[in-house]
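Chain lettering (A, B, C and D) follows the sequence in which the chains are written, and residue indices restart at 1 in each chain.
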Amino acid sequence: MTALLMDRADLVAFLDRDFPEVSGDFAVERVEEAGITLRLKVDARHLRPGGTVSGPSIFALADVAMYLAILTRIGPLALTVTTNAALDFLRKPAAGCDLLAETRLLKLGRSLAVGDVLIYSEGMAKPVARAGLTYSIPPRRG
Amino acid sequence: MTALLMDRADLVAFLDRDFPEVSGDFAVERVEEAGITLRLKVDARHLRPGGTVSGPSIFALADVAMYLAILTRIGPLALTVTTNAALDFLRKPAAGCDLLAETRLLKLGRSLAVGDVLIYSEGMAKPVARAGLTYSIPPRRG
Amino acid sequence: MTALLMDRADLVAFLDRDFPEVSGDFAVERVEEAGITLRLKVDARHLRPGGTVSGPSIFALADVAMYLAILTRIGPLALTVTTNAALDFLRKPAAGCDLLAETRLLKLGRSLAVGDVLIYSEGMAKPVARAGLTYSIPPRRG
Amino acid sequence: MTALLMDRADLVAFLDRDFPEVSGDFAVERVEEAGITLRLKVDARHLRPGGTVSGPSIFALADVAMYLAILTRIGPLALTVTTNAALDFLRKPAAGCDLLAETRLLKLGRSLAVGDVLIYSEGMAKPVARAGLTYSIPPRRG
């Protein structure tokens, strides 16, 4: 059985220390081996005209969520970088709602990790976006 | 509740009639509202040196699977066309095994359908590939 | 010969009116039939630790650039929305440099437009990122 | 100046030896540092009903073209594998025409190579498809 190398409190501390510019935007809701749930605390600065959440904010949520999900498995290796992202924007997010990202790790190799993320307006059944993400991970000590 | 407009037998008949060049490669294993399972009957013509299934064969499996999954919801509209495909090749397929594709429909709009597919070597727990696919669907009568 | 329906001044005015939250981030550098050049005026809020430009800022630049390039061909249809984005992050952006996005329109259909964008640190020969983007465009008169 | 490690004759010999199943489908038309041109000799087995070239055949052309373009820069390292492919299908290929793929290498790193490909029906000005491709390349001797 795979042990998690970082739990919820570890992820929060990591975000606060290494990504102070954005850590206030996010709340780590759930951390399990199967994946994590990350909340975007939607605020005026994430919105576009009409009250919809901006594309870059959705991308940021997907990317941070998958990044943290990978760190739960490899530890706090901040040199892990995103190499590829594919996003489908499916529906307009509901106005006045936070967004929730649910991660799924598909591959954790020696040098590449791949996963996908579904993003929901809180309380809605159908996703507003899907993202597939690839990360290059630095060499780890055996 | 959404009714399926095509069942397993309908999909098989559709493939035989509209895609006779490739229908022999595939077997429809499961058809449910949540998605379908499609088998690629792996044969010498799908292989690359070393016995691995070729990338184009994996793409074909993902594309046909998602296409059929959409048809179960909109009926046999052969003018539906693939507009975008994003594939992650995760692991080398197991030698001498069929591949199974599991579909997930994420959006069925008036003019666009979006879904993703996980592909497994039969009997293996971890996917060999993931595909996200978008289709343009022709106008339907109300 | 295709006439441009919006020139540089039109794009600037459109951004200021319809996207006031972000228009200050960008400068329209060049508008031609072959494509446009858009500058991201890199500022502290676009940076991540180490001085690198954040992924969401790069995504925003690519998306706004391609969106404006499409508007030069169809006019100011603000209901045009991004449906798909695929990004490759190629190199770390140079510190202290603006980013420039160069667009290329690959298809302008009745309901879908597709293009790609290369993003450079100003003065550098090799791109820092590439994006492929698809937009759903609303029905047009005439 | 970067020297090419494989020329046109080398690529043809490599395809014949390492990919005999498909080498007859392709002709190497042009090999330059900026990229290569690869022809798909379109035949009945590449077609779908209505005479259009199949999606898997277009994917195969893009993938083989970019793969060969990378080999011109790193030599015949057959362990190089495709990890990600993003395809946009833009227009229906012209009936009875070969397809030509034009490659563009965007990054050649130590472990990853990224490029994109435009695919044309021979003699047509507008592309039928675009592909972005990423490859994992095995460690090279210094």
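As a convention for this text, a residue touches a chain if its C-beta (ideal position, glycine included) is under 8 Å from a C-beta of that chain, and two chains touch if they have at least 3 such contacts.
What you see is a predicted model, and the numbers here were worked out from it, not measured in a lab.
Most remote chain with respect to chain B, judged by CA-atom centres, is C. For the interfaces C-D and B-D, the C-beta contact count is higher for B-D.
Between chain B and chain C the centroid-to-centroid distance comes to 34 Å (mean Cα coordinates, whole Å). Centre-to-centre separation of chain B and chain D, using mean CA positions: 24 Å. The distance from the centre of chain C to the centre of chain D, with each centre set as the mean of the Cα atoms, comes to 28 Å. Each of residues 83-84, 86, 88, 134 in chain B touches at least two other chains. The residues of chain A lying in touch with chain C in their complex are 18-19, 21, 45, 47-49, 54-57, 59-60, 63, 78, 81-89. Residues of chain B touching chain C in their complex: 83-84, 86, 111-112, 134, 136.
Residues 86, 88, 90-91, 106-107, 114, 116, 118, 126-127, 130, 132, 134 of chain C are the ones touching chain D in the complex.
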